[in-house]
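Note that the chains take the letters A, B, C and D in the order they are written out, and that residue 1 is the start of every chain.
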């Protein structure tokens, strides 16, 4: 199989890597734009309305128009905001969401995937850097609402990192390695089938923690429209606002693909080509996120905390205990 | 524990239902017969009785008329100020001769305030375009035709009567 | 030198432009962290001086102004004014007019309760119920459009009866609407009432005790949520409510969940009334024998009806002329809002929206 | 114009005192056809000439009920508390001296066999030479319903506040203060509720003119 490590570091190879990275960036941007479009359509259908259908045929260019609009919009920095922090914050929130995608095995040939041995750890570590970006954004825009929104999201994301990590431990114990490629390979040959079956508790905790990690309903405290008028990015306009929105949706894609890789057997599947399997499973995961958003009301901030610490973490630990015991016996 | 699963099933079920969106600018909603849109005015019917101006809660109707040669009142100016008109339809209720009525035009937004002062011509124009102008015309034509037939029928019938009376003249002038 | 951390209270202005204050209503909240220390409601942004205007208008001309008080249940406002005038004149109303009034009032109550369900869930974060609610409300509003000509400000009732008779086929449409709506109420019950997150957000929040409710003279669903059996349609029957059997819905512990659930239950009761009224509506005139120029004999008169948000009354002092000498609207939202401050102190910021939403106020009515 | 108003008022006071509900005004249809409204004064003498119509039984019964309550109050609070007992339709009206306003209302609420504990309406009216504040009181236990009112002169209108006794009238009192200018002693925070603080004049007073609040160029005193 083609792997970049074996190639000598010549000018040409470096150029190939850069072009590969740019291709992945472009693909993911298009995928994110159509995730936004897909979300607005799905939630529209669930609410007996059509969803965007004006811009382009069937509204397909709607999100492109949105991004273009945000590019053209005037970029306001509030008067006595902390200018430097105000500008850096969205970048800090946006960059990790892209770096995280380097580790996900999209297809069998996984040409553009870094076969890191510590893939899962890499993912978890980078995704928590975004919290810094969000808190900085809340603080720098010098607005009461943003400050409270920023603090809330920091508390939420930190307290949901832990159950997310713990729920993945079960999978690692079964597959024996942190490398996502080997995890997918093991799932193909494992006697119980995909890890969703043996790790059902871990999967449920993973999904709940993933929704909380993304600040999506029912955990969308930070940008609770009805209470804090859009939380930490109240003061952001123009392309900086687009940074935050795109980072949120790239994370939706990233968490969905992580979930597929860990629990639903990644690109593994009988007849269809591997990338199609991956696309199907990821879009199923994403559909579930949107489905939950259309149905659930919001959790209160203190319930959110106690739910993480008193319910999710114990359940995740129990799952690890159970996996350990069973893998000894079976 | 499974309350929210029931909720999820409801939203999923809604996905298959018929969508309700109306493509507004292209597809206009059709309104029932009593819909209260912007006014229309038929000057011939108006007898300048001032009832509408008096009943209007926001007094936005102003009109003037005078008595022409054969003692009949006829209307000169009739203005409605649509800045303060609340489309409450009291004027059409009190109008004895149904000179002021309402059409189903509901798009009243304008770019400048003075477009909101509609005068008699605009209101008559609105009557011709959107009001029941066609039915009234048709009714008038219909009425004219009937009157004509009745007249003709009356003549023929009078003619026959004369013929018969002439015939039976000797039998007393019944 | 005090070693404790000097914490400073934050004054937060919720409104007047805020997505979930149901209109132009400002709440000056003093926050200590997430805890509300004090909350001072500021009203008056939508004050149009209706009562001063009414002193210069004849009774028929005031009716369009009552539509703009509680613009979500305009038929009930119309009836409140017309009811007091008829009470003062001791007019008797033809049976068909009474039935038409009951039909449109109860349909309007259903539409108003539906809108409460939609906006309350939207405040708590659920988006879909808000849009489902407008589906049913649209059917009711189309019925009103056919009978009165308008979708929101109906101006349909007159002293002594109603302005128009129902158009042909209207009663039929109302009869078809009832089973359709019963299905929908089941759907809402299934979608919302069981949802654990919703229950955690509303159960035990914003509790009102019985003597608080009486002292603050709450009315309507806020009063009945504490278990006090007081519904003007039953306790002080007006119009022909005694001809229909429906029961008064009350709850026990007076928290936000009870207020939500009574709204749902009252829609079912209102549907019963609409069904019975549509079944037994007689033929006949729709406007009683009323003098052309309505003059109330001098004196003061007050009657109140069970509005969508509570006791909606009109107090008229007349000096024998055709215009009222003084006209006062007893507006339930205005009176119910007084208890908000007592309920909010000590609560957390996230509960503020849940409590404020459950009181179910409409700013057109608060600031009349 | 002014005297016409004067003449109307005297007529208003006298008729409200009797408070009896006359039979339906026999506004004959002929009068409606006349295009312009006939001056009101010409109509009333015709009415007065007619024999005073038979007293309404409901009013009789209500006045009796009012007398009974008056006796109960005066037993407790002394003779001059209730100044007058009338009735409108079937609801007795007790006019209480403004000095004893709070004690009378507290008595009506706490006394076991009165126990009026639910305020339905609190309204203020400007009657040209006095301002009247009305309270419709309902008893949840007995299901009875009375109207209690008090008067205060227009220029320095002061009435003891009921908010310490009945928190339900808090905002209503603030509204009467804001729109009619009646200061309520003992009200926890008497501020304008509908108008902003810079507003001068009391809109619901009969002699209120809009020009009090016209925007003034700086330096010009208010009219």
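What we mean here is this: contacts are C-beta pairs under 8 Å (C-beta built on N, C-alpha and C of every residue); 3 or more make two chains touch, one makes a residue touch a chain.
Predicted, not measured: the structure shown is a model, and the values here were computed from it.
Distance from per-chain Cα centroids to the pooled protein Cα centroid is smallest for C.
Comparing the chain pairs C-D and B-C, the larger number of C-beta pairs in contact belongs to C-D.
Chain B and chain D, compared by their mean Cα positions, are separated by 46 Å.
A straight line joining the Cα centres of chain C and chain D is 26 Å long. Chain A and chain D have centres, each the mean of its CA atoms, that are 66 Å apart.
Spacing of chain B relative to chain C, judged by their CA centroids, is 35 angstrom. With touch defined as above, residues shared between interfaces to two or more other chains in chain B number as follows: 4, 7, 10-11, 14, 20. Of all residues in chain A, those that touch two or more other chains are 46-49, 294-296. Looking at chain C, one finds that residues 128, 132, 135, 191, 195, 197 touch two or more other chains.
Only residues 4, 7-8, 10-12, 14-15, 17-21 of chain B touch chain A when the two sit together in their complex.
Touching chain C in their complex are the following residues of chain A: 43, 46-49, 144, 148, 217-218, 220, 224-227, 229, 293-303. The touching residues of chain C, when paired with chain D in their complex, are 43-44, 47, 49, 51-52, 87-91, 214-218, 228, 230, 235, 291-293, 295, 297-302, 304, 311, 313, 315, 317, 319-322, 325-326, 328, 330, 334-335, 337-338, 367.
Those residues of chain C that touch chain B in the complex are listed here as 57, 60-65, 128, 132, 135, 138, 142, 145-150, 153, 155, 163-164, 167, 187, 190-197, 199. On the chain B side of its complex with chain C, the touching residues are 1-4, 6-7, 10-11, 14, 20, 31-36, 55-57, 86-90, 93, 102.
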